[in-house]
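Alright, structures below, take your time with them.
In the two assemblies presented below, subunit A is common to both, partnered first by subunit B and then by subunit C.
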Partner chain A sequence: MFKKQTIVIQDIIKLGLLAGLISLSMSVIGFIALLGERELIQNVISMGHVFLLAPPIALAYISAEKVLSQSKVKATLFGLLLGIITALPLVILVILASSFDIRQFLVNVSPELIELLTFGQGIFLGSVILLLVSGVAGLLAAGLRTLPDDFREPIITGLAWVFLFGLFSEILLGRLRSIFGRGLTKLIFSGKALNPLFTVFLFIVVAALRYWSKRRRLQAEERGESISPERQQRYQRIRIVLGVVTLLLMPLILGTYLSEVMNNVGLYILMGLGLNIVVGFAGLLDLGYVAFFAIGAYIMGILTSEGQLGLGFTFWTALPFTVIGSTLFGIILGIPVLRMRGDYLAIVTLGFGEIIRILALSDMLKPFIGGAQGVLQIPKPSIFGFDLVKPEYLYYIILIGVLLAWFISWRLRDSRLGRQWMAMREDEDVAEAMGINLVNTKLLAFATGAAFSGLSGGIFASKLTSIFPHSFNLIVSINVLSLIIVGGIGSLPGVVVGALILVGLPELLREFAEHRMLMYGALLIVMMLARPEGFWPSETIKRELHAHEELEMGSD
Partner chain B sequence: MAILEVNNIHAYYGNIQALRGISVTVEEGEIVTLIGANGAGKTTTLRAISRLVNPREGSIQFDGEDLSQFKAHELVYKGVAMVPEGRGIFAKLTVGENLDMGAFSRDDSANIQEDLERVFDLFPRLKERRSQVAGTLSGGEQQMLATGRALMANPRLLLMDEPSMGLAPVLVESVFETIQRINKEGTTILLVEQNAMMAFQVANRGYVLQTGEIVLSDSVENLRQNEMVQKAYLGVE
Partner chain C sequence: MLRRLQDVNVLDLVLWVFRAVIIVIVVWGTIATLIENPYPAQTWTETIVAGIAQGSLYALIAIGYTLVYGVLFMINFAHGEFFMSGIMTATIFLAQPMSETGFLDNYPVLSLLLITIVTMTVSVAIALLTERVAYRPLRKAPRLVPLITAIGASFFWQYFFRGLYGSEVKPFPQLASLAGKVSLGGIVILKTHIVVIVAAILMLIGLYGFVMRTKTGKSIRAVAENKDVAALMGIDVDRAVSITFAVGASMAGIAGVLYAIVFRQVHFFMGFIPGIKAFTAAVLGGIGSIPGAALGGLFLGMFESVGPGLFLEGLGIPAPHQLKDVIAFTMLVLVLIFRPQGILGERLAEEKA
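Take a look at the complex of A and B:
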């Protein structure tokens, strides 16, 4: 973000004002006040304060990095200055709000917001406190940056855990209470917020553990020890077993509501794995990917529905037709775009997605697929006469689907076909000159992608028990594409991480639903600036970025 | 019999005619060069031979077979490989993986290994940088890689599109030395160049291309003496 190597006081003023404007905007749209209702640590700090101070903290931390080499004291003082400047626009807002009726223009500047900004201490004293708190926040953030890595990292890890505990306190509270009973939750929470004592305890434990494990690893390295292959293998095996057990026990731990959330995440992972093959592996930008999700859902819906449209299949007998049907559509829709590249491909596939949705809505096909009324009375899957009604049961079907798609993706990536996709993604002409049949290579990518998406759609139909054309909106395609970008294009774990962040997180933070798009947008922008390769980039991308760093450092 | 016979081809990009009746013959074992200014149609000629462009008229015969019956991706199986304009290496892959991709069309792993040794022998630099990401190679090394990758297909005819483009003079020399060496080891080469001076030093015969037409064709000795060639391509006043 900061290309400049040195930072002077003017830059700090600019950054402070920038942070102030961000905090101010979050305040006047009502975001801060909404978050203010949620206490992070009881009677100490609310989520509103956390987000209010996040901009100066982040910018002070980043700017301290540049000043560090000049002087640590200077870096820390710059942080103080930055924090104080950040508070200035907020103080002006407080003063304006107390002298005029600015709610006429800015509805969200509520008494609650002013109360939050002034810490309930009145205009004058409150403003001073706000300036101080913000300044101290900047000072601490910058100061943190000047600490040696050994201390800095454990502190940040500890703070991150406290933040996450606070953010998800409500969900944690519910789950812990139902699993362990009230005794435990009383220790951790007071009301819905974290108990101050527990917060300190959590911070210390996490930071200490982090510090200790890092130390141990360093010491081992110093002694020149490396973990033996057998031990590595054993660790790997233990990790896999733990992973499998966790996955299997997940619904028990999560309970009904969270299992339902996980199921939605799972369906998106399934779609994401499919689109990852098309876009990530083969480099074909498909914006109409929802089409195959819709086709899968409709095939499943019509084959199994117990309504007038239905054909009386069971979930299991319909499943192969669902997958085969969407695969065929993947090939059929792939043929006309075989010769298209890049933007043209994106626009045409976008059109396909809409055409499928409009066809589903149309009167022409209404006798067969229900038009706007959709397909109703789709049965849930059942095993040996036992209906899998609860989300906890459906979870396992989705899990199997995801694991299967994961395994196929993983095998394909390192296969001959995977290399064909890769070569085609890099340069179609060269790939062809190398003996790669582009027609087959492209169609296989579209077909595999459509198969995963169709499977996801089929399970979706059966999970909801009714489907309507409007569920298959363009926004679904965009979500899937966003999640593979956020996770890291071409990366399998990236798909999971992306789906958890973009599909799971918003479900957990439902109270902020009003501001969902705002958070979504902010996340994407911050990510593109700070981590353009995604949260969990694929090996190739990592290697490439790494290589560039090497080149910059030791350019010969 | 000639290994390659391009006969009066006309090629278009949409309605724009890029080639107006090109005929080129390459005998087995030769280096033939195709020179011409920017936009003359050199790349298009190579693309037509490798079936990436479909000529509207004319015919192309390789080893006595009409190439129009084949698709672009089938040519490498016939023994035609290409070093494309601007190298076209896979920037994100390592040097080793790029070379592996070059042998994509083959399944004779023992011989592939042998050819890999041959490429490393030709370009020891590539061996050193085997696990380096190709995008971080220097221009000269990228040219070596593109050439090595094409050789990994074990071609009978190698099409090279301006291999000296954008390289420092020292490197240009070594590029042409390599071309000569590859040819000596038995590969026929059709070499597209703007650097006529260097191309004439390694080639047996040459064609001069202007706005989609062949205006001259002769042995390089005669082309060197030609007044028009001297003026336009060799910089002799």
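Take a look at the complex of A and C:
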């Protein structure tokens, strides 16, 4: 649809209806009403309205780009039209909801939603306002696109900052209050929403800074200044030191709740690094990855539990067994699937994941691993008799695990084994013809992946102090797969980025947690359509994409 | 002799041991159960009929996997959601209000017809939308990519319908005329099971006729054979693929109605496990083959229903019915290891496996 060079009025109508349907879908599944409970800027706009208007704004902005060459006025008016058309399906919903009880069919079309859609002004007036607001939003978005770059970029940056501040207001509020006291937070926030005055202030400061820094950069470029390699190196070193210090001091800055969130993110990073080896490096799509997480957790649980099932190990003595045990299972479950590829491998590994979960749940193994009651009374790790109870302390154990896994992945990636994996990923037959032993290579990938996942599971068991089969369902596998795809398949920083986005964000934005799986699904599709290499693509893939440029540089 | 031994691969050996262990477990369990004989004959016949009914459902869903795999060589992970979406919508908008007004019991045939039409329409619409948005743009991409979008689509639809209709289990009203059992030649069978089996057989025969006899069916088979050549012969490939999805989804829709009649409840998660099982059935019968899907579904349903009682009961495993999914998935693994072409499949080459 966007590939055409020009856009006529029929396209605008289609785009408007598309945006309308997206907004309508978000409304009827309850997403908008849930977000409507949060005000972004006090008495001005709620999160619900922002997300309701996001589709027309985005599409108007994109479509204006195509019309721009024809006429700026036309582009802006098209934005207005698009916005108005977007509101039509919503108006129909409002009318339907007011004429009969639609809620018996669609549970989420609540009075709150209708009030949000009509701005609390009744059916008729509200519908008119909705049409107008949506139209104006489209108009402004299209109008923004017609502005010259010098003004457009600062405005977008300013709006983005305001949005982010509002989005994370709850978490910012908590941290700022505990660090600076109540006085400062009162200036910024009223309730959980942003103070209108502060919003204007923030917008102006950010936009001005952005404008100024861009001007400066341009001037510097005109003068032909550039940073010398030595200075670059020094910057690099400073950055690394800063990064390490931040990582070490993180729990102090973040406090208990955020440390707990970081711990969850860390466990997922650990799993993601493991799956990254299996899927990203070796190209074996494993959908039953949660099996090894479960096995690690159960080994740790049974070895250390102080309950009836336990064997009385400590965390540190049980840890090696956890890793070795899950590695062994990685090999055992790897052997049957050695000959399978692609889709078949995916579905069989999914089957393995389910088998492990059902066995854990079954009465057959209940005397050994507790069945549906799970394993209880797992002690937290301790060092020299000091129990690491608080999330802030556990953070360091997870950090060590992540760094270790990162180091191993990083060293393996460019090793002989890593290159074998990648050769196998590109083409198994060719790799075999080149003398790569597929059996060993595949089993090593499964084993390494399982080891990381088992380690993660072990720490998970000890962190939660009790484990149940329900914690190890397929959704965990899908989460891990999603996060490495979103971050960038085969990329180590990508795993971290993916885990922060997919695991960290929903924890911070509780409104999103409710619709988390829906967004994962949509995100997987959108990523594959728009940016299959992920947010932080791996070096190899980047290099492949820019291969011709490097060739030109080499010939100089 | 020594030469032969050297040729035997370690991997093959391990796989043979694996197969032998499974066979020993199955044979041992069966003999032990038969000696113990814990159930009367009536229970066995009921289990077998229930297995056939369940297998018919799997067969209907498996058709969708087989057709799509035949045409695009991809596992349409979201197929279970096509199955779920139609019947969920029909239950909420039709079956429940009709049951409240008494329409359902007064005109059972008309109601069922209406429910089936709505179900099929919604399933087909969802399937066409998914194909258009998530699969068509990626037809030339590496095979991992559409598989990932399929997984995404599956979860997207599950949670979309959860948001739409709520997360609780929805009761599907019981039809008074389908309650109870009848005796057929001395065997007592649930009426709903008869409906399921008969409907499934009719649908499968109709589908086979459609694919084999009609011109549209011919175009689907041509596209499955070779997309490029089919395009050169003047076949609209995009249209053929869309029709394939629509046919598969309408079969899944009917399976949804039958599922609701038997189990009398619907749920947003109901499509996932039957979807995977149906895929297993398709693989078991030989993916790409319609009679294979039917046969595979039947086998899988039977194994699942009879298996826990027959194989596991004798081994002294408590509550063996909890493990019926384990049996299904183990069968999938066994089939893929030892006969990846399935029971009826013949042309599944290495490249597709």
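Simple rule for what comes next: the second predicted complex is superposed on the first by the 459 of 556 C-alpha atoms of A that agree within 3 Å, B and C clash if a C-alpha of one lies under 4 Å from a C-alpha of the other, contacts with A are read in each partner's own complex, and residues count from 1 in each chain.
One rule holds in what follows: contacts are C-beta pairs under 8 Å (C-beta built on N, C-alpha and C of every residue); 3 or more make two chains touch, one makes a residue touch a chain.
Because the structure is predicted, anything quoted here is derived from the model rather than measured.
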Classify the contacts of A:Asn437 with the two partner chains as first (subunit B alone), second (subunit C alone), both, or neither.
-> first
Between subunit B (first) and subunit C (second), which does A:Arg419 come into contact with in this model arrangement: first, second, both, or neither?
-> first
Pick one for A:Val136: touches subunit B only (first), subunit C only (second), both, or neither.
-> neither
Have a look and say if subunit B or subunit C is in touch with more residues of subunit A.
-> C
Touched partner set for A:Asp427, first subunit B, second subunit C, both or neither | first
Determine, under the contact definition given at the top, whether A:Ile408 touches first (subunit B), second (subunit C), both, or neither.
-> neither
Using the touch rule from the top, collect the residues of subunit C that touch subunit A in their complex.
-> 11, 14-15, 18, 74-75, 92-93, 133-134, 137-138, 141, 143-149, 151-160, 162-166, 276, 279-280, 283, 317-319, 322-323, 325-326, 329-330, 332-333, 336-337, 340, 353
Using the touch definition up top, name the residues of subunit B that touch subunit A in the complex.
-> 50, 52, 71-77, 81-82, 84, 88, 90-94, 100-102, 104-105, 132-133, 135-136, 153
Of all residues in subunit A, those that touch subunit B in their complex = 419-420, 422-423, 426-427, 429-430, 432-438, 540-541, 543-544, 547-548, 550-551
Within the complex, subunit C is touched by subunit A residues 25, 28-31, 105-108, 283, 285, 287, 335-344, 346-348, 350-352, 354-355, 358-359, 361-364, 366, 439, 478, 481-482, 485, 515, 517-518, 520-525, 528-529, 532
